[in-house]
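After this come two complexes, each holding chain A, first together with chain B and then together with chain C.
Up next, the complex of A and B:
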């Protein structure tokens, strides 16, 4: 099977998918970068401050903490999130950060009760999200938990695609 | 009209009338005038505290995205089969049910292949994809377990 058969095809400006017979993966990207304009501006500002206030000792600590906070934010920024559905095997939900680190969770087919789209309240708005109800677990598994893409077309496309892999016997 | 009940009047007299006048009237044992200012200020701050803490408690009690309380709780009367059509009077009002989340999803984000299904078949096709004992939404649901 040549590698080009499993390539990433874009659907919208944030959703893309990979497909094989019986396998489908949906990937939602965020447009976060390590060296964005605000990051470069912030770093130059830190450099200017550390030179201008080079005589004030405690400012080193302040600038050090600011730089450490910037590094921590960049390490915990989500680059992309994906859901991979394999027929009769299960579902994998993965989060990839800017540093290349990825956190994934696999749910086998026998434990998948349902894949739903639901809406819930965050601090100031109601957001749509997609969740997998798993057996023997006291909470659902939220897909695209950090990026929370919009309902249409992203969530609906992923909803139909993932359900056709998990809850049907024939190829769509 | 023209009648003021005692407490506000007493408060105003105590707060505004000068010391010498009250002493000349024989009233010497009363709380320090500091409290005439402190108590109203404290009440004003209490009002703002109540606004902010009310909103904060509401936000804290909001269930997170992955909790089952977003979908159902132990008081739900879940619909497991579509209501039967046998001999009811014309203005019969059926019993209230909660529709399970799978049926709601299927109705909202429906596949085109299912548009011709009857209500009964639709509910039965979507209400259970797993054994009842293992699916936490039917029967064995308990909050906080």
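Up next, the complex of A and C:
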């Protein structure tokens, strides 16, 4: 599938999709960047501190830890999450981080029991999420687990699109 | 005018009890009348998150810490963020708390008032004034009820008790008794053993239900009347005393301890009896005796409701006599001809039970349409109508400004008033903080459950039937 022919079409400011006969992919982007304003401010602050306190030995360790923490956070920030549904083959859920690393999970069609939208209570809020109930597995696979987009345009579009691929035999 | 109501209590299913079933039945009837009802309670083991019950009743199981007997550890401000989120996403107008022991209920009313919602409280139990736990709970209740729109009590005795405990004006307290789903307690006269007179006792076997009295009277009654049998259902700390009494007087064939009975089986136990005995020492409103009176009615009334005029009716004059201690709200529950009273003393109870046995044996009983009578008197439809009137009343009141609320809390006591004012002030500041950090427009509103789609009957006919059967889906 060459990207020029089947390109990513934006639907909303965070959701875009790619469609082929029998294949649908929905991608949710976050607006996280490596060099955001806060990161640049933080790095300049570290640079200033390391110059001002260059005599104090233990401050090097402190600044080193702060820089290491910043790098770790950037490595674990999610850039985009996607769900790819292929008719009669299965569903793939992928998470891409800022560093370029991606983690994906594939569930074959025979193991997909249902695709649902439900609400869950997190620490201090109640959020909608979309999940795939897989056979022979205790936990559901949550789609867009880190970004948790809103229900109204995003989740409902993805829900209908994915279900039409997985749970119907004819073209939508 | 349809309201969006949030019922809050620590006590809800899967915990079984009076408050839980009251919440469930009331919520079902209110949603049938067109309001939106959600229930907020704490999580039970693995059961956390959002669940949908029959007819789209949404329950939020909020993860909290539990200290004792399913009551939450009171963390005053920890509950606020999630409660505010739930209330905003569901567009709640009215917060209705149940149960004075439930700290979740007190917190929800407090936070609801801070956010400017209307609040209402239902009290289900009676309290003393003398012992340490009562004094503390009464002070807490005084705190919560200083700034509330309306209070509902389940009996007139309970109203007196609540008004005294919380120093309220009686004008702000309504009495709406509990109800029973009469169709769950249909009688069956063939189930009782004709050779014996069976006395049924179903209650939690704890001190406040008068188990010591029961232990004292059973041997005396068994000695006085040779053809009398006891069936005791329920479990608790006093079960050991009952078993010891059974061993001591060798009553193994006369006294049967069947252990804890799930609610759907209660009717099957009740129909085996001729007499229902209630020995509680304190009771705000005893729904058990209403259930018992329903379950032992004349067969005539049962058949005449369902079958046509040409059916042969087997007419058996029979009813479940109720014998109860005359405490608390019990005298308000049943009409005089359905119940025998006794003082909560051993001798008086023995006399009352003997009188009941005499009435059964010599068939002094009058066949009556008790199930129909009670069905009209104690119906959840009636409770929901009256509760809706309370909601109409409180929607018309205006919200008082913060200074007025502080003034009300200040009057709670010499030191307590000042402490409560500090709590309220901090609550208000916390609310402002939450409004800034989690603005209202970032909270996505919940979808409204399509009630109309799942209701195939008109609501009035629906209210007649039991709500335990699943709602029929639209085809």
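Here is the rule we go by: the second predicted complex is superposed on the first by the 169 of 172 C-alpha atoms of A that agree within 3 Å, B and C clash if a C-alpha of one lies under 4 Å from a C-alpha of the other, contacts with A are read in each partner's own complex, and residues count from 1 in each chain.
We take it that a contact is a pair of C-beta atoms (placed from the backbone, for glycine too) under 8 Å apart; a residue touches a chain by one contact, two chains touch by 3 or more.
This structure is a prediction, so every number in the text was calculated from the model and none was measured.
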Practice problem: Check the residue A:118 against both partner chains and state whether it touches chain B (first), chain C (second), both, or neither. | Solution: both
Practice problem: Considering only the touch criterion stated at the top, classify A:126 as touching first (chain B), second (chain C), both, or neither. | Solution: second
Practice problem: Based on the superposed arrangement, let me know which partner A:144 touches: chain B (first), chain C (second), both, or neither? | Solution: neither
Practice problem: Return first, second, both or neither, reflecting whether A:136 touches chain B, chain C, both chains, or no partner chain. | Solution: first
Exercise. Return first, second, both or neither, reflecting whether A:26 touches chain B, chain C, both chains, or no partner chain.
Key: neither
Exercise. Name the chain, either chain B or chain C, that contacts more residues of chain A.
Key: B
Quiz item: Considering each complex separately, which residues of chain A are in contact with chain B in the first and with chain C in the second?
Solution: 118, 120-121, 123
Quiz item: Which positions of chain A touch chain B when the two form their complex?
Solution: 113-114, 116-118, 120-121, 123, 129, 131, 133, 135-142, 145, 156, 159-160, 167
Exercise. Within their complex, state which residues of chain C touch chain A.
Key: 48-50, 60-63, 81-82, 85-86, 89, 438, 443-444, 446-447
Quiz prompt | Of all residues in chain A, those that touch chain C in their complex | solution = 118-121, 123-128, 150-152
Quiz item: Along chain B, where are the residues that touch chain A in the complex?
Solution: 59, 62-68, 70-71, 101-102, 105, 108-109, 111, 129-130, 134-137, 145
